[in-house]
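To keep things simple, chains are lettered A, B, C and D as they appear, and every chain counts its residues starting from 1.
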Amino acid sequence: MKKIGVLTTGGDAPGMNAAIRAVVRTAISFGMEVVGIEKGYSGLCDRSFVKLTSRSVSGIINEAGTFLKTKRFPEFKESEVRKKCYKNLLDESIEGLVVIGGDGSARGAYQLSSDFDFPVVLIPASIDNDLYGTDFTVGFDTAVNTAVSAVDKIRDTATSHERTFVVEVMGREKGNLAIEVALACGAEIVIVPEVKMKRDEIVSLLKEQERKGKTSSIIILAEGAGKAPELTEWLQGKLPERQIRYSVLGYIQRGGSPTYLTRVLAAQLGAAAVEALQKGKYPLMAGVRGEEIVYVPLSDVVSRSKDIPHKHLEIIRNMAI
Amino acid sequence: MKKIGVLTTGGDAPGMNAAIRAVVRTAISFGMEVVGIEKGYSGLCDRSFVKLTSRSVSGIINEAGTFLKTKRFPEFKESEVRKKCYKNLLDESIEGLVVIGGDGSARGAYQLSSDFDFPVVLIPASIDNDLYGTDFTVGFDTAVNTAVSAVDKIRDTATSHERTFVVEVMGREKGNLAIEVALACGAEIVIVPEVKMKRDEIVSLLKEQERKGKTSSIIILAEGAGKAPELTEWLQGKLPERQIRYSVLGYIQRGGSPTYLTRVLAAQLGAAAVEALQKGKYPLMAGVRGEEIVYVPLSDVVSRSKDIPHKHLEIIRNMAI
Amino acid sequence: MKKIGVLTTGGDAPGMNAAIRAVVRTAISFGMEVVGIEKGYSGLCDRSFVKLTSRSVSGIINEAGTFLKTKRFPEFKESEVRKKCYKNLLDESIEGLVVIGGDGSARGAYQLSSDFDFPVVLIPASIDNDLYGTDFTVGFDTAVNTAVSAVDKIRDTATSHERTFVVEVMGREKGNLAIEVALACGAEIVIVPEVKMKRDEIVSLLKEQERKGKTSSIIILAEGAGKAPELTEWLQGKLPERQIRYSVLGYIQRGGSPTYLTRVLAAQLGAAAVEALQKGKYPLMAGVRGEEIVYVPLSDVVSRSKDIPHKHLEIIRNMAI
Amino acid sequence: MKKIGVLTTGGDAPGMNAAIRAVVRTAISFGMEVVGIEKGYSGLCDRSFVKLTSRSVSGIINEAGTFLKTKRFPEFKESEVRKKCYKNLLDESIEGLVVIGGDGSARGAYQLSSDFDFPVVLIPASIDNDLYGTDFTVGFDTAVNTAVSAVDKIRDTATSHERTFVVEVMGREKGNLAIEVALACGAEIVIVPEVKMKRDEIVSLLKEQERKGKTSSIIILAEGAGKAPELTEWLQGKLPERQIRYSVLGYIQRGGSPTYLTRVLAAQLGAAAVEALQKGKYPLMAGVRGEEIVYVPLSDVVSRSKDIPHKHLEIIRNMAI
C-alpha cells in the first residue's frame, strides 16, 4: 500500500487530532503517503483532499477537536454517493482509508468497505463509549473528566446551599458516560436509558438519604433518559420543601485538551489501524481490551451493542449512604 | 471590640471561604473572638452560632463554596425578623458583624446597621461583579475564568463542525460577566441587558463575519438579555443553512477553587473589614479601586449601580473581524 | 466480621480519600463498624484510632491526599513492632484490615498477615503504577495527567523559543509514569531505568530529528534513570548551538483532585477489599485487569515485579519523526 | 500610518498571542497593513517578515506562547545591529512598531525609537510583573494562577505527610510573583529579594507556628532570593525532627492557556498600542492603572522600577497563625 487517506466524521471527540497524528506518522514510517480528507465523508464526496506530512501534525497531540474538521453527512447512506466517493479514492490513488469516528461513522465505513471491497479501518472516537468490541473509545476518558469537573463545581454550590441538583449529561442512547460520571462524583442517583427507574423511586431514595443525614444531593441524568428541566419540576412538586435546581452540561463535554488516556489510546489505535491496512486486513475496527490492542470485524461493530457496567450501578447505590 | 460575627449570605461565590479565613485570622491577631454564623441571616435568626479559631479555617483558602453555608432568606426584609437577629447578636455579646455576600446581602446589612446603629461591614462577594464602589467582587475573577474555559471547549467543537453557538452565561440584571467572557473568548457577539440590540443586527453581523471568512461563531448571551434556546431557534429560522447550537453554562460558574485574584481580594477585604470594625467605622463596604483598598458607605452601595465596561464592548466589536 | 480497620501508608497518592470512602461505606452497608487508623502503620502502633461513619467520608471523593494522613514507618519491618500493632488490633476488636498504599505498604501488609494469620487486604495506591498483578494503581491516572499538563506547558515555551527540554518525572525504580507521560505528550525521547540508553544515542536522535525539521524537543527522564541538571549540562556540552533547559516536576505529581478513573478504581477496589474480608479471603491485593476486578495473593505482589509497556516505547520512537 | 510591524521578544509569556491578535485586528480596522516579525529583534535583523491578516490570528486568543516565536538577542544592544534593523523597517515600508515583551524588550524598544526617532510602542508582557508604570503585565495573572495550582497540589501532600515544603518560584530580581503566590496559597512564609530576612527568623517563625498547631508549612522562595535545595538542607539541619522537602516550579510558570485577565489585558493594550501609533505618539508603553488604560513614556519605564506590594507581605504574616 503506497497511499492512504484519513478522515474524521460524526460528532467530534477529544483526541481526534492525536489519532490523525498517529495515523500520519505511522504511515510515513512505513513509507506510505497520507491524504487528509476534510469534513468527513462529505469531503470525500467533494474531493476536499490535502497532503499530510509529519510536520502537518506537529503540535496537535494536545489539541481538542479535529483540524481536518468533521461533519454529519447523512447522504453517505445513499449508494450513489458512496460510489462517487469510491471513484474519488481511486482517482486519488488512495488504496486504504482510516475512518476516525463513532457509531454512525462505523456504519458508513462498513458500507463503503463492503460495497467495493475497499480497505477501511475504523478508529473508534466518541464521547459516548458506545461501540461494541472496545473497552474505550477515543475521547471518552476526556469527556468523563470534563463532566466530573463540572459536577464537582455544582457539588460545591449544592453543599453550600443544601440543595438537590439534577445534572443532565450527554448520552442519547447510552448511559455509559452518565454512570461513570455518577460513580466518580459520588452522585446519589443515576438515571440511564438502559435501566427503568420509577420516578417515585427517586423520591423515596432522596427521602431515605435525607434521613441518613445527607443535606444535598446530585442526580445524574443521561439525556436519553429524560430532560433535566422537566424532571426537576416534577421532583420539586413532590418535594416542595427542598431547593431543587438543574444544570445541562451540554457541548462542553466534547471539547478540551485530551487526557493522557485519550491520547495514548489515540496513538495506539492510530498505529494499529495503519498496521492493519498494511497487512491487508479489513474491514476492521482497532480497539482495546484491557492492555491489549485488538481488531474487531466491522460487521460485529455495526450489529452488536455494548453493555453498560452494571457493577458500577451497584457501587453507586451502595455508596449513596 | 472583643467579639465579632461573620456570615455568608445570598448566592455562593468562590472565595467566600478565603474571606472567612481572612476575617477570622485578622480578628484573632487583633485579640478578638470570632463567632461563625451558619446559613447567613437565617442562622443569625436561629442562633446557629459556632466558635471559630485559627484552626477552624485551616486548609480552606482554596476551597469553593462556603463552609458556613449560605441561604437566601427574604424574611430578613421584615423589621421584626431583624429585631430578633439584633437581640441574638446582643445575647451572644457580638459587637460587630462582617457580612460576606452580594447585592441583596448589602441591603440586608445596611438595614440591620441602620435599624440599630449596629457595626456592620460588607465584603462584596458575587460572581456578577454588580456592586457599586468596587472594581471587583470576590468570586468574579473565578467565575469568568470558569466560563471562559467552558466557552473555549465549546469553541473547539464549533470550529471542528463550523457551527454557530449561543452560549448563555449568568447575569440576570448585569452584563459584566458576559462582556468579560466575550472579550476573553474572542466571541463574535455579546448580548447584555444594558445594551439594546435588534435581533436583525445579530443576523447582519453574522453574515458580514461570514463574508470575511469566519466559518464559526460564538454569541455570548447574558441570561437577563434573553434565553439561549429561544434565540437559537429564532436565528436558525433566519439562517437555515447554518448549524446553530446553544449551551447554558449554569451553575458551574459558581463553583471551583478560587483563582489567585479572588483569593487575594478575599484576603485583603477580609483584613480591611475587621480593621474597619476595630476602628468603629460602619456601615461600610470594603472594596478595591485599582491597587487601593477603599471603604464605601453602604448607603451608596445600595442606592447606586455599577456601570458596564463600555470600552470592552467596543473592543469586542473591533476584534470580530 | 464485625469491625474492620483502614489505613493509608507510604507516599500519598490521589484517590486515597476516595478509597477510604468506598471502604467505609461498603463496610457499613455490610453492617460492619469501621475504625480509621491515622498516619499508617505508625498510628496502628500508637493506637491513633478514630471511628468512621458514612458522614465522616462525605465530600472527600474529589479531595487529594488522605484525611487519615500517611507516614513512612520503617520500624514496621521489626517483628516486635508488628506484634505490638497486632495486639492493638485485638484490643480494639478489629477483625480485618484494609491497607491502602504502594510497594512498601504491600510488604508490610503481607508480613502482618503472615505473622499472625490476620485478615489483611491491600488496595494498591501509588503514583508509580509499580505493583504486580494490577493494570493500574489508585492515583496513577491522576499523576500522569498532572505531569502531562505540566509538560504541555513546558512544550509551549519550548516551541516559542525553539528549545530542547529535559523534564524529570517521578519514578525512582520504575519508568511506567515516564513512558505514559512521554507517549501522551509526544515527547521525542524517553529515558527509563529499565532500558539502557547510551547518551550518544540521545545526541544522534536529536540531530536526526532536527534534520527532519523539528525545531524543539522534549526529553522525558524518569528520576531513577538520571538527574535532569546533570544530563542537561552534558547535552549542552555536546550540542552547544542548542538552547537546552530542564525542569524537575517533583511533588506536584502527588497532589490534585483525582481524575475520574482514579476515583472509579478507588471505589471498585474499596468495595472489593471489604468483600474479600467479609468472605474471609486474605492476604490479597484487590486489583484490576481490563474491566475485571481481580484478587492477587499478596505473596505474588511482594515477590514479582510489573513490567513496563514495551510497545509504548516503540510507538514513542515511531511518532518522533 | 499605512503599515506597522509587530514582534514578541524576550522570555515568552502567556497572552502574547492574544496581544498579537489585538494588534493585528485593531490595525486592520484602522486600514493599516500588518507585518509579523518572527523571533523578536533577531528576526527584525534577519528580515524574517510575514504578512498578517485577520485570519492569521484566528483561534489563537487562548493559546500559550507566541506563534511569532521569540528569542533573546543581546546583539540588539549594539548600535550597528539596530541600524540594520532600522534599515530593514524602512525597506519594508514599516512606519511603526509594536514590541511585545518585558524588561529587556523595553530597553531595546526605547533605544531603537531614540536612535532613529522611530515610532515604537511597547506592550508589557512578562510573567514577572516587573515593569514600572503598569499594575499588570500581560501573562502575570496566568503565571500566578499556574504557580498557585501547583502549590495547592504540594500543599495536599504536605498536609497528608505533615511536612514542610520550600517551593521556589520564578523571579530573579523581583518578588512580585512570589508574594502573590504566597498570599493566594496561604503560605506561612515568603522570601523575596527586596526584603532582607535572616535565616534564623525563618526557623523561629516555623517553631512559633508549630506551637500554634500548624502541622505542615509552605515557604515560597523567589529564585532571586535563594535556592530551594540549599535552603532546605540548611533548614533540615536546624530542624532535624521535621520532614522538609522542596520543589522548584520552573518553566511550567511560562506556559498554559492565558487566563481571562491576561487575555483582556492583551486585548486592551493591543488596541491601545495601535491607537498610539496612529496618533503619532511614541515612544510609549501602553499600561493599565486600575480600570484605566494609560500611556507611560518608555524613558520612565526603562529608568524607574516597580515596587512590591508591601501590604500583601503584612497580610501574609497576619494570616500565618
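The definition used in the following text is that a residue touches a chain if its C-beta (ideal position, glycine included) is under 8 Å from a C-beta of that chain, and two chains touch if they have at least 3 such contacts.
Remember, it's a predicted structure, so these values are computed and weren't measured experimentally.
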item	value
Partner chains shared by chain A and chain C (touch criterion as defined above)	none
Most distant chain from chain A, judged by the mean position of its C-alpha atoms	D
Distance between chain centroids, defined by C-alpha means - chain A, chain B (Å)	35
Between chain D and chain A, distance of the C-alpha-averaged centres to the nearest whole Å	39
Distance from chain D to chain B - Cα centre to Cα centre, in angstrom	28
Interface hub residues of chain C, defined as touching at least two other chains	152, 155, 159
Pairwise chain contacts, counting only pairs that touch as defined	A-B, A-C, B-D, C-D
Touching residues on chain D, where the partner in the complex is chain B	21-22, 25-26, 28-29, 54-55, 58-59, 61-62, 135, 141, 144-145, 148, 152, 155, 159, 180-181, 183-186, 212-214, 257, 259-261, 263-264, 267-268, 271, 289-291, 293, 309, 311-312, 315, 318-319, 321
Complex contact set, residues of chain D against chain C	8, 12, 14, 16, 64-66, 69-71, 146, 150, 152-157, 159-162, 165, 245-252, 254-256
